[in-house]
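Two complexes follow with subunit A in common, the first pairing it with subunit B and the second with subunit C.
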Partner chain A sequence: MSDLAISTLPAEVTRKRSAIGSLRLIQTASILVIALVIVSPLLMLIVASLKDDRFQILADMGSFRAFWVPNPTLANFAEVGNLSGELAFGRYLLNSLFILAATVGAGLIVNSMAGFVLAWGSLRGRALILSLVIALYVIPQESIIMPLVIMVSRAGMTDTFAVQIVPWIASPLYIFLFYQFFAQLPKELFEAAEMDGASVFRIYRSIFLPLSLPALATVSILMGIETWNQYLWPILVTQTAYARPIAVAIATFFGQDSIYWDRAMAASVLMMLPILALYLAFQRWFVSSFVGSAVKG
Partner chain B sequence: MGNRLLSMLMASAVLGGIAEAKTVIHVMHQGDPGWVSTYGEVAKRFEAANPDVDIELIYAPHDAYNEKFSAAVMSKQLPDVMELDAPFLANYVWSGYLQPIKPLIDQDIVGDMTASNIAQGTYPVDKELYAVGLTDSSVVLYGNRKYLEAIGARIPKGVDDAWTREEFEGYLQKLSKLEGVKWPIDTFRGYGIKTEWITYAYGPILQSAGCDLIDRKTWKSTGTLDSDACVDALTMMQKWVKNGWVVPQSSGTNQFFAEGHPAALALGGHWFYAEAAASMKDDIVVMPLPKFGPKGASPNGTWIWGITTASEHPDIAGKFVSFMLKDKQLREHAKETSGYPGLKSFAADSPLYAAGGPMAVAFEQASTTAVARPPHPAYPTITSAFMGAVDEIFNGGDVKAALTAAAEKIDEDIEENDGYPPFDEQQ
Partner chain C sequence: MTLQQPALTATAALARPARRKGKGRRDRGRLFQEIGMLAPAVALLTVFLIVPFLLSFWTAMTNQPLVPRPTPVRFIGLINFLRIFRDDLFWTSLWNVSRFTFWILPVQCGLAFATALLLHQKLPLRNFFRGLFFLPAITSMVVVCVIWGTLFQYPTGPLNQVIGFLSGGLIQPIDWLGDPNWAMFSIVLLSAWQAYGFQMIVYLAGLQGIPDELYDAAKIDGANAFQRFWHVTMPGLRPTHVFVLVITTIQAFKLYTQVAILTQGGPKSSTETVVHYMVRAGFEEQKLGLASAVSVILFLIVLVIALLQRQLLRRFDV
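Moving on to the complex of A and B:
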């Protein structure tokens, strides 16, 4: 019956259907290839972390053996998971987690407050301040890093957790992101709350902040990645193992004469997990925020 | 209860006072996990022997050591003791960061230093010793015995017997056609241009060919680095790369002893021996660097220890350096990693480098062909300009143009610093 129905379809419709089918196949294949390209470095990293011969890891790099481990071992993870000793990588991971949580936590509060005041506050010269904030964003971190090192060392902050957190809490980018988000919310929300006698802080905390989950998620992820990947700054301002983050500790494996790929890979996997968890936790709002930004133009 | 609290407070104040009375010595260093652990253990042993001293180790990754040092200088937080790469010594002394170390360390250590070790730690202007190391370094030519026998290559017995340029290039040609050989030589391009490798290992090829990175009397690079001899030497190396004879940068640093032994020769550091020999056993042959011109040349110099001018306790800093250089466990670790002796007592305890030992030829090079990298304050610019030029040449750039640009860059730096007085008077 159905064969008969298909055979009675005009030839043009059949051709169109066949073309659509081919297009979908090409689309699916393309998506698969792109996904494979994106995932393959992560896969290679995980596979390498399960090999115990650092020279074999290097030898396998140029072939498909990089994606296959015949005798997997967790020995590398055992070596980099220690919490004490001269190279306490487990401890450095905890240091990094603390720095991440404190920077992102404080960053969300400070930047959202600043963004809110710039969008709805009664501060004079808001437009000028906003322009200055945007102007600050274009100054690269590298150009101010040495003066900043001198400042923090004069303030006696060297080799502390604070020195890795405080300078990076307030950020022109995130202030601007929050400003943009808050400015798009309806004016009536602010006015109604004001008429009810709510203070500016109350309006921020009880009305605008709960509505800004996509912005909070976006800033959490972007700020988290930025904080987690800090390398040069902690090298310059930390001295001992006390507040050393994992990114600096991993560099130990890249020695003068040898590179310890096995342990470097295991430590990299451990380093990757928290930021991956952060992304997975916030990805729904993160994506919706980006989609929203695109729609609103 | 109140009395108890008061006594506890008093006790903690007294203990706090004792803690504060300790002298803190800051020691800045680099190194892989093995060395980081070893330095930590040495510091603990020193503290146990000197209870009134605290050693605070400041670690900086190898690749970011210069940035860390610059930050320490700018923030006026120089450590008491610092590890430094020997060719940078002239720059650090000229800038006023290091103080003479000879009066601060045990005199038996000074007498124990090899000539090459003294040379790498001496500032050429006042001829004073500013740094000392347990180890030194060299580069040799490693060969795969099976491949060399297959092409009928002559195995040199010592430095005088080294391959000539014609022999060497002839063997590269033959090896390129030998079954099983993917690349005739690994020159360790895999170390990249962020490390000192290019200047350290390829510089002696220029010196052997009859030229240098800079004229060591006039301290001018133009006319020396871009001379015919240097252009010829780097054109020769560019040819090796173009012919596909050299392991590419992307293939890492272990193709000599990787599965299947794809590289037949390796122009490698002394540190390469331990890992290569463990994998290749009797198949490894250690040979002197070839003579590319009238004389042989080999590199020297490594990471050594100096005491900064910022140290408030240079005597204690010197005591720590002496303690560390004599530490048995530290020497054991250096031996395990085939450490190249910079102290005679360490050499006597290192059968690897003794006469008849597998790396004897490497130690022989130290007293016969070793040439230090230019001991000049402009060295950071010299090495950076030269490495950039070699990278450009290996990627197919014009040899003469690349070397001339590098030489001009070096001369510009020296001119901008008024010749780095008193180096401008040393002609």
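Moving on to the complex of A and C:
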């Protein structure tokens, strides 16, 4: 840092100006260095997934060839993207997408309904339920899964899609986020609809829900990422390929003596693509969702 | 958003009497609807959160096996806890997550804070970089493990090459995941890389929450850049700091995926973590009672940290 500043000493005024200039330079340089550290591993992954030879991938890793494919091929994707068989990553991807859609879809309905009643209902125990929901937020998933495994295996739910969806539909955080959003909408909305004779469900369905796009987006994104990245729970409750999510399938590459990096890379890219596409389309929403979860949660 | 709230409650108070009129059947119908709308969430939370949570305390005091056996499950009191506290490996796992926390706090939170400060200036392409730095945060940990699994290759992996190049060959290649002295630090590196973008945007939001008037006032009072940072920025970010530190510590205690995939707790138990210890007790040793006892301990640790957070926030008066 100081090297740059010392090199421009002469007069008082120019010194100040060039100090600001060199500060800018340092700032820009640091940003670029960080960008390099953040992006190059991701770039390396994508480039490597287009290389056919798994030994070449590792050999290339140490040099700039890691960022270059002389003859890109989709062979790895063709190899792992099957719908059945040993490398059925196409199936695992579809499994994950199904689990994602079902969990988020049901989660939006269940949590928003609960949040709405907690915000606008006339039930007597509302305040109590709300504080209970907030208290439940402290319990980490990791500390309930052991008894939960016994429960679901007694219920014969192991190795199903349901076992990966149903337990995670209702969530204290998302009920609270919906509650908070609905509570901020003006009372007049509710009053006017009620005067017109609309039922509570009708008010929720036809007036409040259409207005809650920001909350729906936030919960979809947070819940989607959470569901997509589930790892501990599915490895405990899935055994066969039937309902295996892609995260669990990718992890199995590490159990082998010699890791097929080409296949692992292609499968990883497959897993990244859906989220990446959504992120590029809704970047602003992603960022604000995570900020929202942090400030409110 | 928050500014609107007082106004809302005022109108709410005004509008209240009008609603009292239509009592009787309509009110009862309304009540049923409300119960119906709340029921799915309450039922699911009860079955999949409250019951297993309460069960974990009970199971922790039994010799519950993973696979049902003909002999009935016995109540054994606190024996599971005693067994855990006598197990060196449990203390090693606690020590390891503490080491993890010790490293991840400066590496990840410090860098996130520094980047947020950088990006908070009016730099060109600011939003582009913000979006870019957030990319790893949306990348699944399993994928992160695939990426870093190759970066960590010994002895000729990219990381070793870069370090060798930067040090002019002075630093010998490091066996990142295979050397007990380095394994946990390697886990720290990839974890920080993954979660850093999230904390950066949390810090950015915190910085944007500090009113410009405070900086202007400080400038008028003759405060220099460092004084403004120390007396305006830092106090304004206290809740953010508390949040980031607490969430990072809690996450550290829940550390599992990257360790399970890359090191399985090794080498020489140097990356054994509390959750990994729990899963092993439950699934390799098939002692769910023992594993539940670990999960109770984990819950208590997280609870203490969360309560500490509340105390800290209250002390800072936010």
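Assume the second predicted complex is superposed on the first by the 224 of 297 C-alpha atoms of A that agree within 3 Å, B and C clash if a C-alpha of one lies under 4 Å from a C-alpha of the other, contacts with A are read in each partner's own complex, and residues count from 1 in each chain.
We take it that contacts are C-beta pairs under 8 Å (C-beta built on N, C-alpha and C of every residue); 3 or more make two chains touch, one makes a residue touch a chain.
Since the structure is predicted, the reported quantities are computational estimates derived from the model, not experimental observations.
Counting the residues of subunit A that each partner touches, subunit B and subunit C differ, and the larger count belongs to C. When both complexes are overlaid on chain A, the residue A:Leu87 reaches subunit B alone and has no touch with subunit C. With both structures placed on the common chain, the touch criterion links A:Ala101 to neither subunit B nor subunit C.
Judged by the touch definition given at the top, the superposed model places A:Trp228 against subunit C, while subunit B stays out of reach.
Of the two partner chains, subunit C is the only one touched by A:Pro140; subunit B is not.
Of the two partner chains, subunit B and subunit C are each touched by A:Met61.
Judged by the touch definition given at the top, the superposed model places A:Arg263 against subunit B, while subunit C stays out of reach. Of the two partner chains placed around the shared chain by superposition, subunit B is the only one that A:Gln239 touches, whereas subunit C remains out of contact.
Contacts of A:Leu173 after superposition on the shared chain: neither subunit B nor subunit C is touched. Applying the stated contact rule after C-alpha superposition, one finds that A:Asn111 touches subunit C and leaves subunit B untouched. Within subunit A, the residues touching subunit B in one complex and subunit C in the other are 58, 61-62, 146, 149-150, 231-232, 236, 251, 253-254, 259. Of all residues in subunit A, those touching subunit C in their complex are 27-28, 30-31, 34-35, 37-39, 41-42, 44-45, 48, 57-58, 61-63, 66, 109-111, 113-114, 116-118, 121-123, 129, 133, 136, 138-140, 142-151, 166-170, 172, 175, 184, 186-188, 191, 194-195, 199-201, 204, 225, 228-229, 231-232, 236, 247, 250-251, 253-254, 259, 261, 264-265, 267-268, 271-272, 275-276, 279, 283, 286-287, 290-291, 294-295. Residues 26, 30-33, 35-37, 40-41, 56-64, 67-68, 70-71, 74-77, 195, 250-254, 257-259, 269, 271-272, 275, 279, 303, 337 of subunit B touch subunit A in their complex. Those residues of subunit C whose C-beta lies close enough to touch subunit A in the complex are 1, 4-5, 8, 11-12, 15, 18-19, 27, 29-31, 33-38, 40-42, 44-45, 48-53, 55-56, 59, 64, 66, 111, 114-115, 118-119, 121, 123, 129-143, 145-151, 153, 156-158, 160-161, 193, 197-198, 201-202, 204-205, 243, 247, 250, 254, 256-257, 260-262, 275, 278-279, 282-283, 288, 291-292, 295-296, 298-299, 302-303, 306. The part of subunit A that touches subunit B in the complex is made up of residues 55-56, 58-59, 61-62, 85-87, 146, 149-150, 153-154, 158, 231-232, 235-237, 239-241, 244, 248, 251-260, 263.
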